[in-house]
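Single-structure report; data block below.
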Amino acid sequence: MLKATISADIFKDTVDALSALVTECRLHFSETEVWARAVDTANVAMIILTLKKEAFSQFEATTGEIGLDIAKLKNTYSMMGKASDIRLEHQEGANKIEVTFEGYHYSITLLDSNTIKKDPNAPGIQLPGQVTISGSELYNVIKSASIVSDKIWFAIEPEKKEFVLYAEGDSDNIRRAFSAGEVIASNWEPAKSLFSIDYLKDMGKVMSHAEKVTIDLGVDHPVKFSFEIAGGNGQVEYLLAPRIEAD
Amino acid sequence: MLKATISADIFKDTVDALSALVTECRLHFSETEVWARAVDTANVAMIILTLKKEAFSQFEATTGEIGLDIAKLKNTYSMMGKASDIRLEHQEGANKIEVTFEGYHYSITLLDSNTIKKDPNAPGIQLPGQVTISGSELYNVIKSASIVSDKIWFAIEPEKKEFVLYAEGDSDNIRRAFSAGEVIASNWEPAKSLFSIDYLKDMGKVMSHAEKVTIDLGVDHPVKFSFEIAGGNGQVEYLLAPRIEAD
Amino acid sequence: MLKATISADIFKDTVDALSALVTECRLHFSETEVWARAVDTANVAMIILTLKKEAFSQFEATTGEIGLDIAKLKNTYSMMGKASDIRLEHQEGANKIEVTFEGYHYSITLLDSNTIKKDPNAPGIQLPGQVTISGSELYNVIKSASIVSDKIWFAIEPEKKEFVLYAEGDSDNIRRAFSAGEVIASNWEPAKSLFSIDYLKDMGKVMSHAEKVTIDLGVDHPVKFSFEIAGGNGQVEYLLAPRIEAD
């Protein structure tokens, strides 16, 4: 059972974060929080999202899970005003979620949980390097890199204390170096990995709204992006597997 | 003969109201007004539009009619500024209308009146229920309903004093109830009819600019939307035939 | 060798002026200026563009030329902020130009000058008529004319002291007459020539940003448009060949 009221802004941030990777997911809830963990169809990227009950203006839940069609939740965007409160209600055992706001009553049939891809396990990887930069700057570099290539290097250079994003095309290349002064927080351990820009673009658009994104990196290892939503009462982690250079 | 000057805003509102249903129409004029009455190609929707001479800053006409290509009138939108006055001139017997504004002179060849669909008769139907709501709210519900279905119910529930718009999809549904307090004026007679959202979307976009739209309804009967243009010196009525539920 | 710093605004105006006609060009530079002269693939339109060293906040060059892919320069638009300074560096003999701004380093491989269409000679034509009007008004008329035709007449009528733009479609026509009072400067010599709107649209979009565009005209002769960029430290000329009426 879930009965909760949430602001339109937080609702959209949450749904957008999920829809960057998946079109459907299993939403879990307990007395204290709501969470989802999902991988994309190609098993290349993972999202771990948590919203504490404090992210809601009203929250009442018993342990449970429901299968959500993310696209249907996005449908509500065009209906609702910016300042709205959204009411979500799911009765124990029912196969619907009722979304209510501003005189609207939208009843959405749930997906059968069994037909949704299994929740992934959180991988137990060690990523020694870490930097924190603004989400909008990160997104800007990802978009720029896409001009010359479909892959981008993320690297930490400890000697220079630089965080470097680098894309190499057939004839042209683009490089953006963040100096120690431009980085909010950091752990200057050597790191260098190559990633698909396709995935990063979708994630980057979501992250562009985050004041700070923490990036954990290793050598030829996945990257982990972490950022807050809901004014600190929610947390999103994106994990992305590296590409092989010879691709 | 027609020699008239009209503001760009009223000109656009008038042309937009027509173009929601038809691509060409017969425009009639007399010494005191201009009017058009037309049905769409499928005979499902009708428009009755009247502009009194007071809607024009200058007006001189003798009884007559011309065949207009609505799309050509819309062409002028991108040319004219917001504050323009538009001069319309049609000489008795000529096969053109001259549209003049801001140094531009646009000469449009008329359509042969005989090739345009005959003007319909105004239907003599009785629609007992009536509510008046804001045009923008009406349009918003129509757009929202289109997410789950291509049909929408319009209903008046006298006991509850509610005006209800309701769309039922294969798995999801959307309902918007206007309480007595949300309705500007009303006649709480029982009414319930089903309509095509396709038609309503085009009409709704036009009506979204109207502060008040009066909706006349019956049981499995057409709906009539009435609203003012030209600051009350013009009137538009849209009539739309109902759909059969089993469609 | 070229080492120069230029504001983002001037950089964009310059690149946009070139890209209206060509996708690649030869850029020449000397100790005092940068210039390009190019014709479009159909040999119908020519651009002559000059930027004095004063257009740059820093400028150092030895005589040389490079082959530029215009589209790659436009790629930088989405990366750079409005207020940026752009650093351009080309080393003697190198086959790249380095574009640097806001932490970005974009290395672009040059085109082989030999594969680019030869620079045209400036034609020695006499165009007796001349008017100067605002670039945005000029563009507005070009766009409007495209509604009824793909060709437009440019004419000077000395008796009436009018500059007339006129497009004639199969059934409709559009005419915009600029009176002597609407024209900034003029030389009322008779002129009348027909031009392709396709070309004029692309040029017109660029010229719409110019406060003043000087138009030189003759009878069945090319038209020349001249306007300043870089606050007077740069100059663009567009030449366009006339169309034959019977086309």
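Per-chain numbering from 1; labels A, B and C assigned in written order.
Convention: a contact is a pair of C-beta atoms (placed from the backbone, for glycine too) under 8 Å apart; a residue touches a chain by one contact, two chains touch by 3 or more.
Not measured: the values here are computed from a predicted model.
**Q** Can you tell me, using the touch rule above, whether these chains form a line, ring, star, complete graph or other shape?
**A** complete
**Q** Same residues or different residues where chain B meets chain C? The copies count as same if more than half of the interface numbers are shared.
**A** Different: fewer than half of the residue numbers at the chain B-chain C interface appear in both copies.
**Q** When the CA atoms of chain A are placed over those of chain B, what is the turn angle between 0 and 180 degrees, to the nearest 5?
**A** 120
**Q** Report the inter-chain centroid distance for chain B and chain C in whole angstrom, where each centroid is the mean of the CA atoms.
**A** A distance of 45 Å separates the two centres.
**Q** In chain A, which residues are in touch with two or more of the other chains?
**A** In chain A, no residue touches at least two other chains, as defined above.
**Q** Can you tell me which positions in chain C touch chain B when the two form their complex?
**A** Residue positions touching the partner: 140-141, 143-144, 147, 171-178, 182.
**Q** Sort out for me which residues of chain B touch chain C in the complex.
**A** Residue positions touching the partner: 72, 75, 78-79, 103-109.
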